[in-house]
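There are structures below to look over.
Two complexes follow with chain A in common, the first pairing it with chain B and the second with chain C.
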Partner chain A sequence: MLTNRRKDAWIAAVLVAPFLAIYLLVFVWPTIQMFGISFTNAPLIGSGDWVGTENYERLASDPRFRTAAWNTAYFVILTVLPGTVVALLIALGVARLKGRLQSGILALFFLPYILPVSVVYLIWDWVLNFQFGILMHVLDLFGMDRIPIMKTREWFMPAVGVVTIWWTAGFSILLFLAGLRSIPPEIYEAAALDNAGRWTTFRRITWPLLWPVTSLVFTIQLIAQLKIFDQVYLFSQGGRPNDNMVLVYYVFQRAFQQDQGGRAAAVAVTLFVLVVVVSVLQFQLLRMAGGRK
Partner chain B sequence: MTTTSLQRMNFWGGVITVLTVLLALLWAFPLYWGVISSLKPENEVVRPYIELWPENPTFSHYYTAIFDTQIVTWYINSIAVAVGVTVITIVTSMLSGYALSQLQFPGRKALWWLILASFMVPTQALIINHFVLIAQLGLINTWAGIMLPQLIHPVIIIVYKQFFDQVPKDFREAAVMDNAGEFRILFKVYLPMNWGVTTALSIVTFIWTWNAFLWPFLSVTRTEMMTVPVGITQVNDAFGVFYARQLAAAVLAGLPVALAYLLFQRKVTEAITLSAGIKG
Partner chain C sequence: MTISGMLKAAIVATIGFAGVARAEETVVWWDFLGGGDGVRMKKLIDDFNAAHAGQVKIDATTLEWGTPFYAKVQTSAAVGEAPDIMTYHASRIPLAVQQGVLQEITADDWTAMGLSQADFAPAIWDAVTIDGKQYAVPLDTHPIVLYYNKDLLEKAGMLDENGKPKGLDSREGFTATLQALKDSGVTFPLGSVTADGNFMFRTIYSLVGQQGGELMTDGEFLAGDNGEKLANALGVLAEWTTAGLQSTYTDYPATVALFTSGEAAMMINGVWEVPTMTDLAAQGKLFNWGAVELPVIFDKPATYADSHTFAIPANQGKEMTPERRAAVLTAISWISKNSLYWATAGHIPAYGPVTDSAEYKAMEPNATYSSLTANMIFDPKSPLAGVAGPIFDVMSTYFVPTVNGEMDPAEAVEMIREELNAL
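Here is the complex of A and B:
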């Protein structure tokens, strides 16, 4: 038995080694380094001097950091709850369909999610094009003024929010559908026998039974949207990135455009802590949801 | 249930169905519009009214995109990187998933915590030190440099562990009786029983890697080393302000993943729900 154990340990070491080597190199080591350089004035490449907590103290009075934090929060508000509601409504509609029609309709909603962000950007950049975009033709039809949407500060975040919901809703719809399918049909049959209306059935059966999936979708989106960068960067090209600044963009700008690795790392650590805290909360939430069953 | 209430229910049910179908068509319209615009000659694209079907359909923009830009090179880069990341991720995750599921060894708990931790950490926060690392290794502008930081997919280990956990113990005991070693058990028993999930996970890992933007964008400075999604947005002079040509490039960039999804719809949706922590 003892020799077996030892043999097991050796085999496990061999099996786990490649994974462990990769994670130590590209996960553990960079994470430690990130905390380390956030206390220095290092450039992107090369070492710097220890400056204590100066980089963090500067964030408090840094207007661009404030813009980035505010825009990130604003983007979360614009996308997370609306995205969850839109996905739930669509999933309820799709769940009613049967067979080939259902998979076809689901594919139409899901296709955007499978595309690279730059394809999404090019398509919407074309749809919203100020001169030739189809949306501008539609505005013309209704006698409304054309808007240079991605070049207007007030419109930028809401528009990126809409594009993001369009792009990612397919994922949430899929999770909702999986949740809806796991509700036993007998419950609905019983409700129908009791003459329960559509709304009552939803409120008393679907909604409570779907709650674990709803909270999952909500938190997955929350975490994803805190990390927004790609869409904001792409749509800001040729525009005003400093007005549209978000947290990851700020890390990118400080590190890669202004060569201030230390100051960028302080922003990265802030984001890191934020996302980890939310993720831990999500993890606890899921455990609770799992324990309730 | 009375007939009238049943009829009312069917009526509203029909309305919801029609609305869902209409919304789906509207949802997919930007995709349709992108594809259709890429098939129009440039002078049709800029017409001041809506033209839902090209008057003179043409593939010329695809021809230009393929032969007058570096998109073929970007394709090769994207395929190399996506295949590399997929193979390495699937193999290393499968091996560790098996160890976690079937073997008792010291450090097992710690390993599990490492996986959970990497699950929560935003890789976007690590871009600075990923860049430093890749630069120190001299891998900027190389396939290996684009691949390395993209190998963090803890969810795949978790899914493998779950599936290996579900294999009935009898199979393992029978194999052990036959004096089969762990590697034989893994490759002759556990892996063949889980080919379905292996292909599903491989397809989505390929799609995720193909679609990646931030890291390929940061780790490449030379145009000939770019991946497709980065190249089509970062090399503007490649397409100029020719909208249709740019859209043709976009269609070419989305084609592999869209096809992968349409061909393997079941597998893709299965893997995505699994990766979100839901058993399909």
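Here is the complex of A and C:
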């Protein structure tokens, strides 16, 4: 069939144009402005005076920025790898089931994912609340001391990590399942004929063939968890937000609570650069690791 | 014509007809009154609307208290989408004026409302005044008080002949009362919002005031022995925690629940929880209760208070019509003059003639704790002050570990001073 290249290009441009226009207007343009604001002393609303790199220099000696950066890194460590592993294990389990049972179990694991974060917060507050939480009554039952989980530094991040994995694992499980289903059954049959054990089958067939999905899940998780905000904001409400500070929360606090748009923008730019660098690095690393096999 | 187009036309037509027929001015109203006091404000608004049918109608929306409210006000005023009238904390007025969020309440406005400086207490008038100009109309003052469970205190033998808790006059006396309650089997003699540094600010600032201390002198934070006074205040609370006399790591809702369920015998909280108690008591779901001025732990009585006020946002690029402004002033004036009902929400009305009235003086529990009005202290007048503001925020960070026994008070004061002066 003959195609008209020029016409194709024209149609493509028309189809892409609405998206491109919106993308430029509500994403690229504000991003450029954010870079500009980060070099000024602007309040939340309105413009400010040029202050050079002062906002960035202050970050180096800002204890709260350090807390935020450390907590964000800690949260990423607590959730990205464990979250991926948990999702993979559950997906492997669900893949062994058949028919309605499989759909039923899958739905159960997927259910938390469709909950809005405010509902997630309420559910877990009912469980973990120091005075009235269900878990506290369980601890009482075993004669153990109650733990103010969301009110102490040591417990806060691990607890939010568990809640986040519980909340978001459903989506990763779905990706893994799709990956598992795309592995042709003939390969497994061949392996069975060759008397391969379960572990060997997993290591030699499932794992390498699933690798593209694994690295995708890993990358999605990494970017999402670097941007952690909602859970930390909700769970530290009426508590100690400054001890549980994470980077996006710090942007919010500087901008909306302290009316310092310029300093908030500097934090946001730092986070932006961090996300870009980390995700590019990580994707390259994973690709190299995958390519070696 | 599309369906939405027709709908729009219909709405425009309806509003147009209504406008022609009655010339009713709709006043858009935002507040942050989400608790028991919010219910009472809605009633006041309904009464206002009924009394001004055909002339002025308040269209009210309640938003989330604190940072969400103030961030929304600031951003919407900047694009001309703010309401015509809103509630505002007096403690946040210095910041609001700096941000250019508020319109001045002019001399003509005061005349139009039939209100004047003479109707308000000097401290409250001062709180809404910046550089000799007023930026809001005070509605109330809302201090914190000590709520107590009469049944539990009586059981512990700690109720005096007037039905008030014993030991309100000294640190030793009050600690003894708490200990007696503990000995009588009460789980938490004192319910405190120990998980929330923002809230603890009110209690701790009161205790600093009881020693004559000040947060800010000549633009410097915690100068001289003010730091020591803050450490003393923190020390008392930490001591109660160590002795097991106070609920630890308790957030706001849990504190109220501990008190209303009888697990905590006393509670330090804002007067805005009065409606919670009266409503529960009316349903027969509460014990005998009372509320008194905070105990004098140090040298003299002092209680932290803030004020709810009415303010008119400075909408950028959108001039308010004279008719609309008149309607707004009518609303403020009417609610101020009818704020006796607002007192049932626990607050102390700011409008003098109301608090001077015989009806107000007979109102309970307001009458019992009204003695504190002579001892009220307000936030320092600074753009950094105010509920959910930077000072609140810095201090709260260190209050939580200290009052729960994780951190030494002196160390906390050092950190607070450093961070505040770096703001």
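Following the convention adopted for this analysis, the second predicted complex is superposed on the first by the 256 of 293 C-alpha atoms of A that agree within 3 Å, B and C clash if a C-alpha of one lies under 4 Å from a C-alpha of the other, contacts with A are read in each partner's own complex, and residues count from 1 in each chain.
One rule holds for everything that comes next: a contact is a pair of C-beta atoms (placed from the backbone, for glycine too) under 8 Å apart; a residue touches a chain by one contact, two chains touch by 3 or more.
Every value quoted in this text rests on a predicted model; they were computed, and no experiment measured them.
Peer 1: Who touches more of chain A, chain B or chain C?
Peer 2: Comparing chain B with chain C, the partner touching more chain A residues is B.
Peer 1: Answer with first, second, both or neither: which of chain B and chain C does A:44 touch in the superposed model?
Peer 2: It touches chain B and chain C both.
Peer 1: In the superposed arrangement, does A:235 touch chain B (first), chain C (second), both or neither?
Peer 2: neither
Peer 1: Who does A:243 touch here: chain B (first), chain C (second), both, or neither?
Peer 2: In the superposition, A:243 touches chain C alone.
Peer 1: Figure out whether A:218 sits in contact with chain B (first) or chain C (second), or with both, or with neither.
Peer 2: The answer is neither, since A:218 touches no partner chain.
Peer 1: State whether A:258 touches chain B only (first), chain C only (second), both chains, or neither.
Peer 2: Touch partner of A:258: chain C, not chain B.
Peer 1: Touching A:110, do we find chain B (first), chain C (second), both, or neither?
Peer 2: After superposing on A, A:110 lies in contact with chain B but is clear of chain C.
Peer 1: Looking at the overlay, what does A:22 touch: chain B (first), chain C (second), both, or neither?
Peer 2: first
Peer 1: Determine where on chain A the residues touched by chain B overlap those touched by chain C, and list them.
Peer 2: On chain A, the overlap between the chain B and chain C contacts is residues 44-45, 129, 131-132, 237, 256.
Peer 1: Can you tell me which positions in chain A touch chain C when the two form their complex?
Peer 2: It comes out as residues 43-46, 129-132, 148, 151-152, 237-243, 253, 256-259.
Peer 1: In the complex, go through chain C and note every residue touching chain A.
Peer 2: Touching chain A from chain C are residues 67, 71, 74-75, 78, 95, 99, 193, 195-199, 247-254, 257-258, 388-390, 393-394, 396-397, 400-401, 404, 406.
Peer 1: Which residues of chain A touch chain B in the complex?
Peer 2: Touch residues, chain A against chain B: 5, 8-9, 11-13, 15-16, 18-20, 22-23, 25-31, 33-34, 37, 44-45, 90, 92-94, 96-97, 103, 105, 107-112, 114-119, 121-124, 126-127, 129, 131-132, 134, 137-138, 166, 171, 174-175, 178-179, 192-193, 195, 197-198, 213, 216, 220, 223, 226-227, 229-230, 234, 237, 248, 251-252, 255-256, 261, 264-265, 268-269, 271-272, 275-276, 279-280, 283, 286.
Peer 1: In the complex of these two chains, what residues of chain B are touching chain A?
Peer 2: 1, 5, 9, 12-13, 16-17, 19-21, 23-25, 27-28, 30-31, 33-34, 37, 45-46, 48-50, 88, 91-93, 95-96, 98-99, 103-106, 108, 111, 114, 116, 118-122, 124-133, 135, 148-149, 151-152, 157, 181-183, 207, 210-211, 213-214, 218, 228-230, 232-233, 243, 246-247, 249-251, 253-254, 257-258, 260-262, 265, 268-269, 272-273, 276-278, 280
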